[in-house]
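Below are two complexes that have subunit A in common, paired first with subunit B and then with subunit C.
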Partner chain A sequence: MPLLCSICKDKRALLKRPKTGTPVCKDCFYWAFECEIHHTIQTANLFKRGEKVAIGASGGKDSTVLAYVLKTLNERYDYGLNLFLLSIDEGITGYRDDSLETVKRNQQQYDLPLKVLSYQDLYGWSMDAIVKQIGRKNNCTFCGVFRRQALDRGAMSLGVDKIATGHNADDVAETIIMNILRGDIARLQRCTAIITGDDPSGIPRVKPFKYTYEKEIVAYAYFKKLDYFSTECIYAPNAYRGHARAYLKDLEAIRSSTIIDIIHSGEMMSVKEGVKMPVQTKCKKCGYISSNEFCKACVLLEGLNKGLPRLGVGKTSKVNQQLKQVNDSKSCECQNKSTKCCLNNVPKTAPSSCPNRSKNCENHDAKFDSPSVKDNQMDKTTKICLTNSEIL
Partner chain B sequence: MALTVILEFLGGAEFLFGHVKHHTVSIEKGENKLNISQLLMWIKENLLQERLELFMQGCTVRPGILVLVNDVDWSLLGELTYEIEENDRITFISTLHGG
Partner chain C sequence: MCQVHGEDDIILDSLVPSISSGAGRKCVKCNENVAIIMIGTNGTFCELCFEKHFTHKFRASMGRNPVVRNGEKVAIAFSGGSNSAALINLVKEGLSNNAARKLKFKAGIIFVDESSIYPHIDGMNNKLEEVRDLMIDSGFPYHVIKLEEVLNVDDINIEITSGMATTSKSMMIHEIIHSSLTLTAKQELLYRLRCRLLSYKATQLGYNHVFLGETSTRLAVNILSNVALGRGFHLAQDTGFTDGERHQKIGCDLLRPLRDVTTKEVVMYNTLHKVKTVFFPNMATKQSNMSSIQNLTESFVFGLVAGFPSTETTVYRTSNKIKGVKFVEGNAKTISTTKFCSLCLGVMDTHSSNSKASAKADLYYSETLCKGLLGSSVESSVDGGKNSSTELRSKTEGSLCYSCLATQKETQSSAKDYLAKLAIKSVQDGDEKEICEKLNDVL
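Moving on, here comes the complex of A and B:
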């Protein structure tokens, strides 16, 4: 005896809604799914009539469903929005190539204009080239930082009013957990906002799927036969998020309302007075919003361009330390002042020729002991310390 | 007695099965019935090619994988205890972050 839909009480139920546990038929599911997103958009005032909205499109399930649903709702409820797809090409052969093909098909299927911007165009570096420099550890840091800015830079150049992203309820809950575990109070405060970056200079980002469960997005895409691309990035997956995700899924198996409960907790949490928070300011170099004098992307780029790719990976305090080291090395204070151990005096010979190599020379930086610094890069490395004052 | 079942692996799950999305398989079950729990064991031993941990966790599928039987959410059918019938189509859709 098939279970009937709890809404229409007529057709056979196909899906158990994760939020409520109620069984629904296909049509009632579509209706409820779309209605709830419409409701989120309306109650949070995500859009205003006439706005130009860029949908961050990766070709994956979330952004594909977002593009489809926004297009549908825009027509059904006459939002009066000018929608288009904005894709970022990180330059990852075999991963982004295929997903961009999907976005191009979406452009046809949903009749939405598409704009593709590449890391190469925006930063002068593709992810493939960055991985060659930095290896497969920390490469996700570069990709994540660059992607975040890429959408904004792209949107700015296109005169966009808002950027809509496919972040779903599961993503938001994961991010809250990650920020709690990392003690990142500033991000913990910001990550639950349904509209972020709402300052006069930045382009607001909106999350119409903030309360939409991943399971329903996947089911919607499946039942509607939406064309999306699914593969893990060929470079290391985000391990930390992976743990948070597995943890949440396990909790959800025991308590179905876990996701929405965590989002609720995140929204209601407030930081007590007197807690020092980083002040959001603007990057002195590119003008992008930043918690430091220079934004992370500019620090990372500077490192890449100066042949010091690990600059900016890790904590800000460590970055400052790294910079200080480079700066200090200008005036070598090691015991043997006449030797060639100090950075700005390094000859174009192999580092092993440095007589102070075995001694405890503070300025005999690990960079020189690292096998990754090839002889032919010595020249570049030497320049770092000569130009270190302009690094940042 | 053998049971014919259509298995579908989608949303990235196909990568664990030699990049093949659709499999029509014949499972020898004798006189007994076959439920999804037993099917999962069969898949694990006969079909899965790599990274078991991305597909299964303990005796069930990894949380986050959507399972449908003839396009019906297995949550409505008793999940692991559902008894498979001839020509049932069972779909496993993996979900990945980011999409």
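Moving on, here comes the complex of A and C:
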């Protein structure tokens, strides 16, 4: 006897829902899937009537399903929302150009207006160009930091009230695990929020898929034959996050409710009294919300423009240290007459030609060979350039 | 005779060559002697400085958390393994007359005999004898208690289906553990029962505290697996120095004085002091990584630590900064019937108060949807005859925290029965007399 759908108890079950383990038929799956997202939107008060909502669209499964479901629910339950698609073009040949084609098709299929912003326009750097500078490692740092800001900038230019992103339950659970592994309690607390932005100037981001399993999103897109793009980013392999993801998938295989269990854990944790937390402020340069004096995007961008792409990749404390060194060494005036070399010739490749770095210049060496600095080659260069330019 | 010593030997083997070949490196502390061990990011230590460092960390954790007062009695939970063996040795040294600052408490040892749940493992008796010898050697008063005594804590009897004429407690506990469907649930259930028993028995035997031998390595694994098990709310109690008031209903508190040292350091300490251990195979022994959440997490953490050594300390330091969220009183819409979970004794975390949308509420909604109950009350009225058992089930569920409920879902027969009886007991203990009367009617 075939397994019957546990909801309608009539039709043959097509799949087992990973969250609950119950067998359901196709129609009931659609119904339950949409109901749950509607329920999430309602109980969490994600939207208000008349709001302009930008859907962060990458062309991937999550955002495609999000666009489809939001449009469907908006019509069915009359949310009264004004929906947009907002895409960021990172400039990754062979990945983003193809996925943008998908978004453009979605625009027509779902009849939603689309806005595309590119890294090239916003920052003057495409990801391809960045990868040429930084190499294959750590490039996700740039992409992630820039995209976050790019979405906000795009949303501001469209004048939207909220940004909806396709982050699913797996993503949230993975982020919780990542933040525990990295000891980032501030983000650990923030990452479980379904709606971000205590900051009044920022545009709130909402995650309608926060409790939706990735598996179900894939199944939904598959059965509905939605047009989406499914290729990994060609620069993707990020060792550490990859471990967390693999761990999560294994956990899910052992106990399928784990993903929602982890989110429950995350929601139930708070930071103890008396633990020092970073205070969120505004970036002094661009005014964007930041945990530091200068926001990460500005630091990274400055590094790129100065030919020092590794500036800002790595520990915040090190960046701060570097910034501090800048202030300290401003008083250091090099008596060597070839100071100009450092000032003008911002080294793009190997900066070892600068005579100031030779042993003759005692001031420099005394400053930069402090025992606290281990990473000499790059840090020295960084500091010299920091010293002599109006960075940040 | 061939003797199995388990994982310790493997770690030792890998340490031995470093003792001889690390000749070039000096101790970072005294800068004189040859280093024997590398501790995290602290650098290399010679034998003497390592000893000081190790003992200091143990003493410092006690100093930072002044829970044990002068003259109190402390029971050390001994499992035969390296962590608890090192703990016994540390306490012994701290109490000896030539200790720098003598510890001011009295100590004893409690060994939990779990052999009744492993009837098929040979040589258990020999191992138990070995453990007994070790405990006698330590010079402390010692107590061997059987795991099945946990049933006496709440005075619970369960019926077992095997049809034997005499149903002993040891068979009951065997049934309870082995009627869980998954290894994850078995390990979790056993851990909770062991804590419950230790706390209860130690108090019965006149102790004020229990020392557990959990190291930072173990805790890093426990933190992650607890998060994966949905136990984030209890993280501070499950992995902190003290479990707070969690067990006060049945006994004393459980302390983790070794939480600042790593297993590597423990093994080195044991080697230097020739501390003997006894290896007991357990449910997780010789099982694959994918057999349970706990096993998977262990291999995940160890694999990660191999590549990113600081992960271990980062994870356990993270747990120092975390506590459960505060529920807004009055605003809390609760589906629980008790204040504390009847299995793990933690404060209930199934309220859905702080934000209206929560993982718990969402899961509940999904389950309701999938049962096809939404919008049709027909279902519930159809099986009117079964109403009483559904009520019992819902009350059991109402007295379990989020994570224990997930464990309960992976149990059947005896284990379910045990949990149901625990639930009734905890409801009886609570103020909700009304509910307990109802439940007794059901039974």
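Simple rule for what comes next: the second predicted complex is superposed on the first by the 322 of 392 C-alpha atoms of A that agree within 3 Å, B and C clash if a C-alpha of one lies under 4 Å from a C-alpha of the other, contacts with A are read in each partner's own complex, and residues count from 1 in each chain.
Methods note: a contact is a pair of C-beta atoms (placed from the backbone, for glycine too) under 8 Å apart; a residue touches a chain by one contact, two chains touch by 3 or more.
Note that this is a predicted model, so its numbers are computed, not measured.
The partner that reaches more residues of subunit A, of the two candidates subunit B and subunit C, is C. Touch criterion met: A:Ile262 reaches subunit C, while subunit B stays clear of it. Judged by the touch definition given at the top, the superposed model places A:Ala253 against both subunit B and subunit C. In the superposed pair of complexes, A:Arg241 makes contact with subunit B only, with no contact to subunit C. When both complexes are overlaid on chain A, the residue A:Tyr222 reaches subunit B alone and has no touch with subunit C. In the superposition on chain A, contact of A:Asn82 is made with neither subunit B nor subunit C. After overlaying the two complexes on the shared chain, residue contacts for A:Ile176 are found with subunit C alone; subunit B is out of touch. Touch criterion not met for A:Thr72: it reaches neither subunit B nor subunit C.
Once the two complexes are laid over each other on the shared chain, residue contacts for A:Gly60 go to subunit B alone; subunit C is not touched. Once the two complexes are laid over each other on the shared chain, residue contacts for A:Thr20 go to subunit C alone; subunit B is not touched. Contacts of subunit A with subunit B, set against its contacts with subunit C after fitting on chain A, overlap at residues 250, 253. Residue ranges on subunit A touching subunit C, taken from their complex, read 6-9, 17, 19-20, 22, 24, 32, 35-36, 39-40, 43-45, 176-177, 180-183, 185, 188, 194, 210-211, 239-240, 243, 247, 250-251, 253-255, 257-258, 260-272, 275. Residue ranges on subunit A touching subunit B, taken from their complex, read 3, 12-16, 23, 58, 60-64, 166, 171, 174, 214-215, 217-219, 222-223, 228, 230-233, 238, 241-242, 245-246, 249-250, 252-253. On the side of subunit C, the complex with subunit A involves touching residues 182, 184, 223-224, 226-233, 235-236, 289-293, 296-297, 300, 303-304, 307-308, 311, 314-315, 317-318, 320-326, 349, 354-363, 365-367, 369-372, 374, 402-403, 406, 410.
Contacts from subunit B toward subunit A in the complex involve residues 10-12, 15, 62-64, 66, 68, 71-73, 75-76, 91, 93-99.
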